[in-house]
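Okay, so here's the structure we're looking at.
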């Protein structure tokens, strides 16, 4: 019943999961129904090591602006955003926007 | 019955397929039996536009030394070389070794 | 340097020969376009130095360099156009010195002051391609808005520690812009500069070079309305060096600057009715 | 430059501060290792120039540069350490001039002659990391064999037109070597140099910078026996810039130079019993 997906934190965002960038997850959700919103909630509750770091990832109940979300290397804006229905084998990439130069 | 695979020519090897690097192929072979050797023969007969270019790709009946072969981004040496049994969804990358500096 | 045809001297044919014979460069026509092109590099630091190095070596006709900063010792591990003897000199001046020695065919204009609401339009309007090599969101939004209003494409990159990002914005006025990607400015506390967070020289250097190549692709006409796809390239130096391309959204129909329903105009900017520093917010020190 | 502790002067702390605060760099210890390291750059051309630029900026203690070539105008679009006024001068000398201006803390040794069977062991033995920035298979096999016999790791890269490749060979004498990857030399007709096939400056420049970062990772101890995985990174500049990592084979049990059953020895090389040029073959002109 679990959905096997990969989650990546880039651009320094891995600070919220003790420096671990790649997570191979077996998400206990219903394939065909679970959306990216559900996955984000699941990540917030399971992967973020220190609750203090949640605001780095979440703001106003969604992914914080300044973090780009990619589904299989494609901007989630092109895939329905939070309503995207997740599938086994999907890769979800969360990357902080960098400003340094 | 056909096996859907992707074939890529990098390092300038796309010269043998009129500059086309990526080929999405539907190979008319038996999945579970067809090996990389069969795929190389198929490529030689179908994708190489000009027979004169065959020696750029093939030498002594196998892939010419100086061309690295990757199966899903992994050196074919680690996957059984020509005996690798191809599967739908596989990506086969052939890249010429570059020497310039 | 006497010309041997209407475009080039013998020295230029010798100098650019190796790149002219590369098919995707566009051969002689590609070089002519480079020679007639004007590129503005905003920021002569970790991104700007390598970008300037390879653009001037490639034969861009005119390069503008805008940076109000002076060279400091702490720049030298990554801002490789500046040398020990140029510490204390304006960065754009220091960069100009090396460029003139590297390629006398390149005309260099220096602007040793900050890009502001009032001077941005005049400067940006003089160039064909805008290179955003700055290091704060405020400058990036200003450069974006003015470039969109001046119909100029932007090659934009950024980097921190061991990572980097690269994109092309406002491509032929049909591609997405910075506000299309980032409609809301980031919270200041979440923004780290290379000065505070640190950066490894080759990581930011590599991003600067990728900018030079994207500028060359723009100028030589490699990108067309048909083949251009909005993208963000993400570089990581560790654990292994990778550069991955993400497929990005198109121009957003509700974008504040580049959509038909845009609300930001040239007058609003030049009259200082929008203050980019406060738009991006000051760091709220009581949270730190 | 008076030292303020047993390792560094104040200038060095200022100069390297930004990279020292990057976690994966290894902070002060990483810098100490760089300062005590000796890196040999073989070839001061399209790969060597950017590699030298960023290695010297990063604070490598000693850099050796070996190149028998003199600067030519046709190099200047990509060999960015050389300037117009150094045309006709030895490349390693021209490179040394810039490095000394960029970072006086770096000791530079120049070898303005070809690497050969007889001089290779003496030179390579003096360094910790070998950078293969050459442009022919013959030099690459020679560098490989001598480095393996001297137990030195090699950072090896190559490039042509708009593409490039990067790898680390002979890592701690457990990783694969050049012969493990390429047991048979390529047919000479299939080998193209940047001079004949052309190259775009930023493409080969980017590969040189990736080499500098791999050398820094080696020197600062980032790679260990546990985490090192044999790889080949493949760069393409067109249509979009990507750098992909291929997982590569391990040390080959039947390798002619690095396996227990190796047949090539130091004596065979120094007695010129192996001629790398003919091993790689002359171009068979009657086929062309």
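For clarity, chains are labelled A, B, C and D in written order, and residue numbers in each chain start from 1.
The working rule: a contact is a pair of C-beta atoms (placed from the backbone, for glycine too) under 8 Å apart; a residue touches a chain by one contact, two chains touch by 3 or more.
Keep in mind that what you see is a predicted model, and the values were worked out from it rather than measured.
Trainee: Spelling it out: a chain qualifies if it touches subunit A and also touches subunit C; which chains qualify?
Mentor: none
Trainee: Taking mean CA positions as centres, which chain lies farthest from subunit A?
Mentor: For subunit A, the chain whose C-alpha mean is farthest off is D.
Trainee: On a C-alpha centroid basis, what's the spacing between subunit B and subunit D, in Å?
Mentor: 30
Trainee: Measuring from the mean C-alpha position of subunit A to the mean C-alpha position of subunit D, what distance in angstrom results?
Mentor: Once rounded, the distance between the two centres reads 39 Å.
Trainee: Give the residues of subunit C touching no fewer than two other chains, as numbers and ranges.
Mentor: 161, 194, 197, 199, 244-245 - these are the residues of subunit C that touch more than one other chain.
Trainee: Determine which chains touch and list them pairwise.
Mentor: Contacting pairs: A-C, B-D, C-D.
Trainee: Across the complex, what residues on subunit B touch subunit D?
Mentor: Interface residues on subunit B, with respect to subunit D: 10-12, 56, 59, 64-66, 68, 70, 73-75, 77-78, 93, 95-101.
Trainee: Which stretch or stretches of subunit D touch subunit B in the complex?
Mentor: 43, 45-48, 132-137, 140, 157-161, 163-165, 181-187, 190-194, 197, 199, 204, 232, 234, 236, 244-249
Trainee: Which subunit D residues qualify as touching subunit C in the complex?
Mentor: Per the stated touch rule, the residues are 11, 14-25, 50, 53-54, 57-59, 72-74, 76-78, 80, 83-85, 98, 101-104, 161-162, 166, 194-195, 197-203, 205-206, 209-210, 212-214, 216-217, 222, 227, 229, 231, 233, 235, 237-245.
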